[in-house]
Every structure is written in structure tokens, then in C-alpha cells.
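What follows is chain A paired twice: with chain B in the first complex and chain C in the second.
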Partner chain A sequence: MPGKSLSRWTMAWFGSALLFLLGACAMALFGLAGPGEWSRGAGMAVVHLFVLGWLCQVMLGALIQFVPVLAARPLAFPGLALPALAFSSAGIMALAAGFLTLDGHEALRPLFLLGPFSIGAAFMLVAVTVGATVLHRACLRLAEVRLVVLAMVALSGLWLSGAVMALTLAGTRIAVDLTEALPLHMLLGLGGWLSLAAFGVSYKLFAMFLLAPEQGGMVRRAVFLTAVLVVALALWALCLLLAGRSGGRAVSVAIGLVPALTMIYLGEITRLWRSRRRPVPEANMLWSRMGLLFLALAALLIVPGWQFGGVWAEAAVFVALVGWLSLLTLAQMVKIVSFLTWVQIFAPRIGRQPVPVVQKLSDARAVASGLAFWSVGTVVGCLALLLGSSGGFLFAVLLLTLGALGVMRELIAIRHLSHLEPAERPACLPHLVLPFTFSRARAEARS
Partner chain B sequence: MTEAVPDITRALRSVIDPETGRDLVAMGMIYEARFEAGTAYVTMTTTTRGCPLTEMLRLGVETALLAIAGVAMAEVRLTWDPPWTPERMEPVP
Partner chain C sequence: MTPPDPSRPDPLELDIRLILQRGEEPFGAIMAAVDALAKGQALRLLAPFRPAPLFGVMANHGFGCEDRQRADGVWEVLFTPAPGFGPEAGMAPGSTPGAGLWPDPARELDLTGLMPPEPMVRILEEITALAPGEVLFALLDREPMFLFPELAQRGHEWAGNFAPSGDVYRLLIRAGVGDD
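Take a look at the complex of A and B:
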């Protein structure tokens, strides 16, 4: 089998995540989310479809794919990827529906309780497969692996804080102070889990895609130690929250460290960019660079966001989720899907016949157009949130939706090998999302 | 590289790195290539130790070597010591 070290379910994770992204965009286009409306049930549902459904699912799918590359070891328990995806998708839909309880849809209350546990089961399955792959002395010496492990620790805190918040909102006996819990929950999710996992994976992927020497040393250690401090403070604050005490001071210090952590990371990535041997970076890296600029903007907005809250906090979180994490994800997804498709089709031909290069599978201009819509949508959305303009935010969501649809169209073209000459295309195209067709699976089951 | 065995080099240059489009010799991924008594011996690396293409590149090199007239057997060994760095790449012509 070509690419036996590759996970079979990556395309399914990506497909599911993209559907959640479109769902969140569609709900926002119907006016269910916008400036100052995030605490409504529908607004919370949109946010969680976006963050859990889109960003978390992509990150989990990408980790299952790339942890073997980071650790140079085969993935442990690869069979857990599918049940994790099923638990994750079901849990996210249940949680999003459960949030509608806050808008008076009482019949959905049981889903509010079910969602966190299904999501927790998914997180645990991924933690088992990732943990069993990387928790070895030789792997833990690698900075990128250590950051991913730290991100998984933050993920456990994210889940615990989210679960107790859901139980509180559902009116169970377990209750925490939601005003204390919310910034902590966002810190663990955004600054802990998602950003640290992105930092870790980017160390390896950026060096590979830019043909840059892999760096290490003091700066990378400084990033890791600052990140450890942020996560430790957040987990300490979580313990205090669960004990019914205030962890506000620990959260303040942790949030204060985030801009410093970001700047050290960006400094190192700038050095890596300058030392590259690839003179003209491909579209995925050029647009990832834009994502890094949004990361810098988000880090700057955190300061007034934490001090004044309100629109500043909304703008900081929006830029981090949409500009930094989503743009980076969309840009790299084009490359990852191209690469996985190439491996599926052309890897067995290496050394036997001419093969196209990976970048021939995508159209850089189509990718750039989709990601440009997304980037402009991010800027418009940030300004709309700062100005409290619902109309402006709706326009931003429209731009983001167009951008996402553009990238999705390109991803489908890549899977169908549409950009290759007819002579270069194989007789049998790869499946779009699942690693098999149902008719073939039924035939195999019968035999 | 053993200049006395040009056919081996030519075979190795027919295998490309799909990321850059450059052949494995130009990428600096071939550490040793020699020919002895009908057998081609190649020691190669990949750009990163966990590269998902590792085994496929090794098999591709083996196939390309066995396609040369006079090569009865091919032994392709992978190593990451020393690790590959971009400095190993040949300058772009």
C-alpha cells in the first residue's frame, strides 16, 4: 500500500471540519452571531461549531497525520482515528444544539450534557494515539514534540473547563463562576491547545516547505518554557476555579505572557524564513506568512482586550481564530491535501516513470484568490467588531464564506487531479473524503 | 559519488524529490553510490527522518537501479547520520 505510514482518515477529518466551517458561516450569515451577541445560545453554538468543529477537528486530524513525521515513529493505535472522529463530530453537534437551550429550546437540554462527554471521549482517543507515539525519551528531546505534548495537556484543561461550564449552564449541581471560567477557557483553547499545537507542527512543516535548516537552541527553549508557564498558570487557575476560589490573578499573569510568547515564536520563524533555500515560497507558505501577521495583530489586541474587555476582547479573539489559526490551516490544508493525493497516486510510480511535482496538483492563483477573500474578511470582521457594526460583520462573514468556498473548490479539484494534463491522470481517481467507497466496502464485507 | 559508474548516477538522477522537482543527487540525498560485481550499493537519506515518503523513495531508487543494464541486484540503505541539511543541495543551475 502506498504511504503505509500515512493515516487513512485524514481526509475524513478535514472533510468533517470543512462542513462544520460552512455550517458556522451559514449560521452567522443568517444573523445568529455578531457583535455583542456571543452570549446568546445561537451565538455560542456558532462559536463552538467554528472552534471545535472546524479548528479542533482539523488540528486533531493533522496531528494524527503529522505526529509520526515529528517523532519519526509509526502512529500508535491508528485504528482509534475513526472512532475519535465519530465521537468528536457527534459531540460537537450535540453541544451546539445544547447551547440552544439558552434561547428557550428546553427539549435540547439532554444534548447539552451529552456533548461534552462525547467530545471528551474523542479527545481521549486522540491523546492515547498521539501520546503512545511520542512519549519516548528520544522524541521528547525534540522541541516540536514537546510543544505538541504541552498542547495536549492544555487540551485536557480546555475540556475540563468547558465541561464544567456546560454543566453549569445546563443547571446541574456542578456550578462554577462563569465570568471567571470564560477567559480561562479561552486561554486554554486559543493560547494553549490550538496555538501551541500550531507552533509545534509549524517548526517542522515550515522548515520542510521552505527548505530551511531546522533550528533549535535558546530561542526554541525560551518559547517552550514560556508556554509551560502559561499552561501551568492556566491549569492552576482551573484548580482554583473548581475549588470555588478565584484564579483571576493567575489568568492575568498567563494572558500577560502570551504577547511575549508570541513575539519570541515569531522572531524564530522570521529567522527560519530568512534562512530558507527555496527562493520563491509556495502559496501555502506565502499565506501562512499572512496568518503569522494576524498572530502578531492578535497578540497586540490581547493587551487592550484583557484590560478593557468588550469589543477589544472580541476583536482579539476573532483575529486569533479567523486570521491566525484558520488562515494558517486553510493555507496548509491545500498543501497537505496535494501531498496526500500525490502519495496515493504517484508514489508507487517513483523510479518507474516520470511523475509530476506536488505543486502541479493545485492552482496557486485559485488558492490565492480564496485566501485573499478570507484575509480581507478577517480585517473587515475585526473592524466591524471594534466599531460594533452588525452590518459590517455580516459583510465580513460573506467574504469569509466566499473564501472558504473558494478553497474547498480547489481542494476538490486537487482530489480530482483536475489541474493535470489528461495523460498524467490515472484511470482511477482517489476518493474525495473516505478511504473507500461504500459499494467496495460492501463487496469486501460479503467476500 | 563514484564517477566511474555513470549509469548509477544517471539512474539516481531519474528519481525526483516530488516537493522540489529536483533529482535526489541534486538534493544531496545520496550519500554513497558504488557498483561491485553486478550489485549497485546506494546509501541515501531523506530531508527529514519522519518523511512519509521514505520507504517509497527507497523502493523507487531500487527500481531505477535495477532498470540499468548490467545491474543484477540493488542494495539501498537509508541513513540519517549525518542528517540532511539544505546545504547539501547542489546550486540551482
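Take a look at the complex of A and C:
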């Protein structure tokens, strides 16, 4: 790749994440997950393939790519990206297989113990590369960088809570109260790590794609301070849990703060949206706005979810994972992949020959139909969970799978520069997933 | 030949012949190696040709160079960090030192309010049209992180920072001789 602002392994992280997404969808289509099925081993395997394999991997890959842009300095230790990806993919598969121990597959027990440590090694490697890049006084003044650092702190708590839960379920001598640990684990993962990292990255990406002035000020500080409080309470509850005491009250207060945190963040993004200089936002932003609506819905569902548990909690978590985080990710991924592909292929040609505009690399209608399937799937899935309908949930998963396949097809078309005229296409196409030169013979055959 | 300095670590060696043989661009690997250098460590580069365009780029990063062709035809270049080199106060990391002494800009561009990567396209088109040594000044909404490697690769020098208000990025670029 030309230039060091492009991470060599971004497409590999994205590719791996998308394969995990398809794997989770396929397992759910076979009926291994659904209303009331989440405490079974197979159900937990599906949830972890989705959350760790899809959402965490895509976020880690995006951070490795975008932390240099956020911090305006080159990535430290770029060589750690590949081993981190290898440890994380292997660890997630081991953990998912390990969960099947709970369904009686005893032979898989060693994987249950191995998975968390492999995932932990991956998290540690990414933390080193991201931390060494951003931990400078000048960078930490930036609100988006501080949120990403806070998200990484929550990630460490997510891992620790997950690891002790896995060790408890695997029947080792380490044992914690799982009914206390589960809401804490979900709070650290969903509200702490994934959402805060998404908040931090969105500040930069939204301002860039909407041509809105980069804001700071009181509201952004309020988001950060509320987020610090949520993460600190969650980590305090984790310490109490590990000490064998109850951290339920701290978790209650932290979960109570999440709707407030969400509303302040959404208020700020609304202001940013209104101050944009781009009159008609592009598809990635319009669908991200839909993701933000799902975030608001998830924040509303948290209240009955925490109060009554059961289907309300299932629906709140589902809308947050599938509607908010995944839709935002899918919508922005199309734009990011287009942009990185364009920089990789066409930046060296600027001023020397005509170059196509970035928008020509993707087909906006194909992207929109994939994301529409995904959004309808989210609404159907939420209703199916609230009504306890397995058939409805299966239909939702079918819609989500079709949406994911549509977006993936488009991502492959972007990498293959399929939407360009033959004359605009270079002789050597970019790599699809792994950073090796694409076969020249095939590239020439296409042009 | 200078005697080895015991306080300096051994040079890091990077052989770009294999990268070139694969038909890949070695610039990213070279910059990654520069990032990986310890304080005071030199970089020894092995190349099938004399990598002259790199000398200016490395000088901007604060490296002096010594090159020689070995008996087997391979070019061996030793890039040694110059003592006391560092970014000037208030300038973004990677900025060329001494930009204050450059001539007045021959071209000024206001690229605020443009969607990425349009500012990058405009700058590269304009800088290609300038004579070597001429300077371009651009105002941008944000730091153009994807532009910098491209400028370095084409042999242009740059220096930039945010205005004190923080809402506009000021960028000076001096056209190099390498771009056509």
C-alpha cells in the first residue's frame, strides 16, 4: 500500500468480522438462537460470534485504521495488527465452540478455557498499538480520543468479567455469581466498550461526512464525564464481584445513567447534523441516522429491561447490538472501504491522469437495499423478541442475512472496482482481504 | 570510515529488493522501518538501484545519508539520524523544518467546506503544475492525514498546523523536483 496512513490489515479485520457475522446469521437460521434460547450453549455461541467476531473485530480493525486520523500521528507498532487479528479470530472460535460444552459436548471444554486468553492477548496487542499512538498530552485533549481511551478501559473490564464467567461456567475453582456478572458484562461490552468507541469515532466521521464544524465544549464534556462515571461504577462493581460481594447497586446506578448519557450524545449529534454545510447527506449518513434512532430506542428499552428483565432486556440488547451498532457499522463500512480503496488506487494518479470520484466506486441503490433489509430485520426481530415469537425471530434473521449479504456483495464490488468503466480501472486491482497483490492475469482479463 | 559509536544501537537493515520483485511499492515498508527505529538508530537500506528520490524524504525526517554500490551491484544506503533534529514548536509531526524561510506562496487555495478526498485531489493537481521550489498554501477543515504520505512519495515538502482558533488547518507545500 502506498503511504503509512493506510493500515495493511484493515481489510483483513473487516473480512474476518464479516465472516463471523455470516456465521452467526447462519447458526441463527438453523434455529440455534432465538427467544428464550440465550442461556443455552449454542445461543451463547451465536451471541459471542456476533458481538466479539463481528462487532468487536470490526471496531478493533477500524480503530487501528482511524486512530492515526483521530490523533493526527502515525500508528505505533503497526506490526501488532496481524498477530492481534490471529489471536482474536482463533480465540473467538475457541470460545464459541467452548460454549457448546454447556450443551453436553464435553470434549470442547479445553477450548472454553483457551478462548478467553487468546482473545485477551488480542485485546492487549491492540491496546498497546492504540495506546502508544494516542497517549500524548496533545492527543488526549481531543474529546474523541479520550472517549476511545475510556472505551479501551471498559474493554479491559469486559474481558475480565467475561473471562471469570467462562471459568465459572467451565467448572474451574474460580467462581463468580453469574446472575450478578451477566448484566455487568453486558453493560461493559455494550454501553462501555462498543458504544463509547462508536461515539468517539462518530464525532470525527460525522463531522467529516456532513461537513460540519468540529465541536467541543460543554455538551461533549458532559458526554465524557457521564461516560467516565458509567465505566467507573461498572469497574467498581466488577471489583466487588471479584471480591465475592454484591455490586448490584453500582450496576443499577450505572445502567440508570446510560439513557441520560445516550440522550446527551444524541442531542449533540443532532446539533452537529443541523450545523452541516452539506445540504443532502450521503447514504452512509442517512443510514447512520437510522442507527442513531435505534440507539434512542435501545436507551428507552433499557429502563423496562433493567426493571423487569426477560423479553424487555432481550429486546433492548438486540436493538443496541443489531440496530444501533451493526447498522452504523455497515453503513460506515461501505463508505470507509470505498474511501480507502480510492486512496490506495487513485491517490498516486492524481495530477497525472483523470481519477474517478469516490462515489463512483459504490452503487448507492444496492447499498440502500441491503441496509433497508437490515433495518426492517431489526424492527421485526425486536417485535419477535417482545412477543416471544420464534417464527418471527427466524424471519428477522432471514432479513438480516439478506441485508448482510447485500452489503457484502457491494463491498466486494468496491474492492474489485466493478462499478468503474474498464478504461478507469487500473491493470492491477487492490487485494480483496489480505494485503497481497491481486493476480495480474485475472485483473487483465477483466479490463 | 567513522568508528562505531558504542552508545548507538546497530543499524536496522531493510532489504527492499524482495518487495520490488513482488511488484509492490516499498515506501510504506521504509516508513514503517523509520517508525520502528530506536532513538539514535540508523537505517541500512539494500536496493537494486540508487534510491535517490528517498534522500530528500529522509532528509525531511532528519536523516543524513551515505550510499555506495557493492561489488554484487546492490546499493547500500545508510541513513543516520542527524543530532538535534526534531519537529519545530507548534508544527504538526512530520512537518519540514525551516518552512518559515520558504518563498511566498505562488498559489493559495481555500479548501474549507470540501468533502474528503476533494482537498487532496485539488492540492495534488495544483502542486503538480508548480515549478520545483514554488510554494502552495492551502486552508483546510482538518489535518489531511492521507495526503502527507502521497506528498512525501512525490518528493514534495510540507509543513502544517492548526490556526490558534483550532477550526482551520494551514498547510504549506514546497514543490519538489520528483513529480511530473
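To be clear about the criterion, the second predicted complex is superposed on the first by the 434 of 447 C-alpha atoms of A that agree within 3 Å, B and C clash if a C-alpha of one lies under 4 Å from a C-alpha of the other, contacts with A are read in each partner's own complex, and residues count from 1 in each chain.
Operating definition for what follows: a residue touches a chain if its C-beta (ideal position, glycine included) is under 8 Å from a C-beta of that chain, and two chains touch if they have at least 3 such contacts.
Computed from a predicted model, the values in this text were never measured in an experiment.
Undergrad: Since both structures carry chain A, what do chain B and chain C do when superposed there: clash or fit?
TA: clash
Undergrad: One more residue to check, A:P430. First (chain B), second (chain C), both or neither?
TA: Neither: A:P430 stays clear of chain B and chain C.
Undergrad: Is A:R277 touching the first partner chain B, the second partner chain C, both, or neither of them?
TA: Both partners, chain B and chain C.
Undergrad: Once the shared chain is lined up, is A:G310 touching chain B (first), chain C (second), both, or neither of them?
TA: Neither: A:G310 stays clear of chain B and chain C.
Undergrad: Determine, under the contact definition given at the top, whether A:P68 touches first (chain B), second (chain C), both, or neither.
TA: both
Undergrad: In the superposed arrangement, which partner chain does A:V358 touch: chain B (first), chain C (second), both, or neither?
TA: both
Undergrad: Does any part of chain A touch chain B in one structure and chain C in the other, and if so which residues?
TA: Residues 2-6, 68-69, 72-73, 208-209, 211, 213-214, 277-278, 342-343, 347-348, 350-352, 355, 358 of chain A touch both chain B and chain C.
Undergrad: Using the touch definition from the top, list the residues of chain A that touch chain B in their complex.
TA: Result: residues 2-6, 68-73, 204, 207-209, 211-214, 276-279, 342-343, 346-348, 350-352, 355-358 of chain A touch chain B.
Undergrad: Within the complex, which stretch of chain C touches chain A?
TA: 22-25, 27-28, 31-32, 35-36, 92-94, 113-117, 120-121, 124-125, 127-129, 141-143, 145-146, 148-150, 152-153, 167, 179-180
Undergrad: Hey, which residues of chain B end up touching chain A in the complex?
TA: By the definition above, chain B touches chain A via 14-16, 18-21, 47-57, 59-64, 67, 85-87, 89, 92.
Undergrad: Give the list of chain A residues in touch with chain C in this complex.
TA: Within the complex, chain A contacts chain C at residues 1-6, 8, 68-69, 72-74, 76, 78-79, 208-209, 211, 213-214, 277-278, 339, 342-343, 347-348, 350-352, 355, 358, 428, 437, 440.
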